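The structures considered in this document are given below.
Next, two complexes with subunit A in common: one pairs it with subunit B, the other with subunit C.
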Partner chain A sequence: MNKLLGPALTLPAVTFIAVGFVLPVLILLSEAVTVNGAFSLSPLIGFFRDPGSVEVFWRTIRLSGLVTLTSAVVGYATALAIVDSSPSARGRLIGTLILPLMVSPVARTYAWVVVLGRTGLVNLVVVGLGLSPEPLRLLFTETAVFIGLVQLLLPLMVLSLVSALENIPADVVPAARVLGAGWFTTFFKVTLPLTREGLVIGGTLVFTGALTAYITPAILGGSKVLMLETLLYQRIRVTNDIAAAGVIAIILVVLSITANVLLKRVAGGRSQ
Partner chain B sequence: MMPRWLRWAILALVMIFLIGPFFVIAAAALHGGETLAFPPKDLTLKWVWKVFEVESFRASFGLSILLAIGGTALALVLGVPAAYALDRFRPKGSEAIRLMVTAPIIVPGIIVGLALLRYLVIPVDLPMIAALFVAHTALLIPYAVRVVSASLANLRVDIEEAAVLLGCSRIGAFVRVTLPNIKSGIFAAFILGFVTSFNQVPISLFLAGPGVSTLPIDMLWFMEFTYDPSVAALSALLALMSMAVVLVAERLLGFSRYV
Partner chain C sequence: MRLALTGAAALLLTTTGALAQTLTISTYGIAQDGFKKHLYAPFEAQCGCKLVIEVGNSGERVSKLDARKANPEVDVIAFTDFDALDAANKGLTETIDAKKLTNYSKLYEFARDPVGGNKAIGYTYYSTSIAYRSDKVKIDSWADLAKPELKGRVALPNITTSQAPLALFMIDKAVGGKTPDLAAGIDFVGKMKGDVTTFYERGSQLPQLLQQEEIYAAVLGRFGWAGIKKLGMPIAWATPKEGQSGGINVLSLVKGSKNQDLAYKFIDFWLSTEVQTKLAQDLIDSPVNADVKLDDAIAENLTYGADTAKSLSLVPPAQLLEQRKAWVDGWNAKVAR
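Up next, the complex of A and B:
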């Protein structure tokens, strides 16, 4: 009986996702490689021949990479500081990291409009201290998008590094120190290799998060600093160019799946 | 071990960076002037009241709540049996099934919304609300399966077998033995699903139009032509609401274990 019951119980969920999700997405992706119903690579070639699109493509990759790198460095320092704290403080700090993750990204991102705007906090300080005669233009720049993305995604990195650090056997680091390794040697030879998995998981979450972010570039970048998702939105809403949308969709899906497959390789490699 | 001062400095800076903007936005919401400013002058609550007076916010808030509750409930109805079957029976093609039920997390939401609009709403003449409901449910199934799977993995199989040996039916054993034991997992999945759906933007972007919109989408449109502090007031209210939900969930069942 179990032979039938197993598939039967998964059938509703699988059917729902197949019809309401996978099928429409596959049709959309096929738009990128068809012209008038016949196979053609011209939409793909067209996208990469258009300098504007290529610029957005590289900006998305560059910003996502930069956000991931920054999150890794800042996240590591934060995770080490959290793991060093007392157990009760640790719980509270982790709670504080989860809290912003649960708040609407629109609200979180809009906060930066207030901080970075012409009459915002940063300009108040800059003009007040006489560092600049007039308010700096901070909104609708890559810097603003970068700051917004780091704030949005940093908690994911810290959380996965904290759990990786907690899994290191308690006496490994003291042992290295007793045997004469300095702080840097211990970190690079012991701690870092033992938490590689957590770093990769956090890195994948942050990278794909930045890659597929819509709200942050939409609010803080506007039409001046487009990323792939905001470009896709524009292509549909302004020119209704479904082929271009299909191409961007393929790029996004391929990049996300690649990142996730790499993640599974690295994360699964050790536990199995 | 890092020096105490360094630890405190790092934690203080990071927490200010992560949490600080919320205080800034709450303060900006109270500004008495007509534009966004920080620090606020002539404190007032008028922008907070304005939020409640905007007709479209009331409608979109209602739709968002409806989608979040309905979508999560349906995702659980579909996801719990799937998680149970994957954990207990390991049917043929488990890997493929698992891949299928986690696919909605991997594919960027904006693509899903556009695909549903083009190939479901337009050809079948499906109402937008139904499409939003399908999209949100599909997105939430992976969360339901993952969180419930984690609870099931921590539950011993033999208590259910014992119930069956003692004369309980299979379904009876599931309802009376397994379900009560995974209920905090299901509750956590519900909270996680609710918050995920309520805050979701990309998937709803193309499925919302005049008259049918979720709250975050409505906020995005509103922002484009509003420069007064009412958007800040709404953001602050939303932040407070989500934080309240999370704090209550944390108190009740240690929610952070499941995230």
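Up next, the complex of A and C:
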């Protein structure tokens, strides 16, 4: 009886996912590999033959990778500080961390348009300190998209790392210190290996998030800094090219899975 | 007792709801509050019917129309003139019988049959030109967009917008282009692309960019002018020597509509002096009904009058439709990369 109960309980959710998500996605993806009803890889090949699309492809990987790396470094420091603080302060810090996630991404991104603008805060400081004689052009550049994405996704990395750090047995770090390990050795030999699962989860979330973010690259990058997601939207909305959109969707799915597998590899390899 | 009354009222509402005819309109998403106030609600009150409004981008709604042509859900569609021609060529729209429209004779000549074959009827039009900071730069020609004062301070419409073909058409003219593929114009934009702040996709972004001094000039449709004037900055609307471009938005009857009589009534109502005046006064749409009289203050924000209409260099919808792919390809090769 109990054996049947488990699957039976998941049935409504599984049915919902299958009908409402898996099936439509499969139909969409199948569009990318069909030409006039027959299987064909020509849309996929066409994408990689078009220099413009390839440029967007590499830009997306480069920016997403950079955002993930930055989030990991900055996020680790933040997570260590949060875990080191008193329990009450920890709650407040995590609350502050989550706060930006509760603001509408559109409003948040428009705030960046003001901050990064020629008359915005960043340029006020840059010109004020004499770093540049005139305001920098930041909006509609890769830098703007990078900044927007880091701000958008950093909390996900920090949260993953905080929970990973909290799960480290309380006595391993003091034990390493007692045995004579310095701060660096303790961090790289003990803390980091024990939190690699958190890095993998955080890294996957951030990388996938950067890959599939739409509003940030659309508003801060515009058509001059297209990423796969904004290109996909353009293909659907403007040229109504479902096949091209399907190809991009496949690439995005493959990239997300590859990122996760690679991150696991890297993390797993280090510990052995 | 109260409960019974509420129940009866609810029953009455559902019955009338079921009996009332519905008319489905496919249109742009902008200014829906204004359309509801001046067009939809008064029409519903008059006809005792119910309007269903479906909104979206012009091209995307044509695709939907095509996908559902066997069993169309939409009765009347509002879109660009070239999309109307596209739809007509695909056999998606009906020939309009002008005799069934009492307001037809009041329309400006250019609005009566903009795509040919009476497949569409204009309901509004706009000019497209350059808004610029008159204290920073002087613009007398479309080629002035590449002036040194505008280096890194100019926004052009991206090829994905309906304004881009119009801008390209005029730039091509200004730089002496001779071919319908606008090669000269595209080349010109390709050469200045590094100095273009952004190729915008949403015109609603422009006021903010002007306000932040991110840009000093932008190519846009007159429908965006009111939002820019509100900034209270020294911004002027250019009258380039090559002229201004523009576009017409039109209404078409969907082939296979089961509510044709009602659809004619709706189109006629939209073109009436009263509705056209109200939409103009709220700066929603420029009127095509010649009987509409506007104050100077209102007219200044719109595209108004028979003379203005005549002066615009409109891109013939057939040329746009025929060349659009070549323009997009040229743009992708020279500008987008």
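Rule of thumb we're sticking to: the second predicted complex is superposed on the first by the 237 of 272 C-alpha atoms of A that agree within 3 Å, B and C clash if a C-alpha of one lies under 4 Å from a C-alpha of the other, contacts with A are read in each partner's own complex, and residues count from 1 in each chain.
To be clear about the criterion, a contact is a pair of C-beta atoms (placed from the backbone, for glycine too) under 8 Å apart; a residue touches a chain by one contact, two chains touch by 3 or more.
Here the structure is a predicted model, which means the values were calculated and not measured.
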item: Clash or fit, subunit B versus subunit C on superposed subunit A; value: clash
item: A:L93 touches, of subunit B and subunit C: first, second, both or neither?; value: first
item: First, second, both or neither for A:V253, with subunit B first and subunit C second; value: first
item: Touching partner for A:W112 - first (subunit B), second (subunit C), both, neither; value: first
item: Which superposed partner A:V14 touches (first subunit B, second subunit C, both, neither); value: first
item: Touching partner for A:G46 - first (subunit B), second (subunit C), both, neither; value: neither
item: Which of subunit B and subunit C A:V74 touches, first, second, both or neither; value: first
item: First, second, both or neither for A:I82, with subunit B first and subunit C second; value: first
item: Touching partner for A:K224 - first (subunit B), second (subunit C), both, neither; value: second
item: Subunit B versus subunit C as contact partner of A:L124, first or second or both or neither; value: first
item: Clash with subunit C, by subunit B stretch, listed 6-14, 150-158, 222-230 or 240-248; value: 222-230
item: Residues of subunit A that lie at the interface with subunit B and also at the interface with subunit C; value: 110, 113-114, 117, 119-120, 218-219
item: Touching residues on subunit B, where the partner in the complex is subunit A; value: 1-2, 6-7, 10-11, 14-15, 17-19, 21-22, 24-25, 28, 35-39, 78-79, 81-82, 84-86, 88-93, 97, 100-101, 103-104, 106-112, 114-116, 118-120, 134-135, 137-138, 141, 145, 195, 198-199, 201-202, 205-206, 216, 219-220, 223, 231-232, 234-236, 238-239, 242-243, 245-246, 250, 255-256, 259
item: Partner subunit A, residues of subunit C touching it in the complex; value: 57, 59-60, 63, 152, 158-160, 196-201, 205, 208, 212-214, 328, 332, 336-337
item: Contact footprint of subunit C on subunit A as seen in their complex; value: 51-52, 55, 110, 113-114, 117-120, 137, 139-140, 218-219, 222-224, 226, 234, 237-240
item: Subunit A residues touching subunit B - in the complex, by the definition given at the top; value: 2-3, 5-10, 12-14, 16-18, 20-25, 27-28, 74, 77-78, 80-82, 84-85, 93-108, 110-115, 117, 119-121, 124, 151, 154-155, 158-159, 211-212, 214-215, 218-219, 229, 232-233, 236, 242, 245, 249, 252-253, 256-257, 260
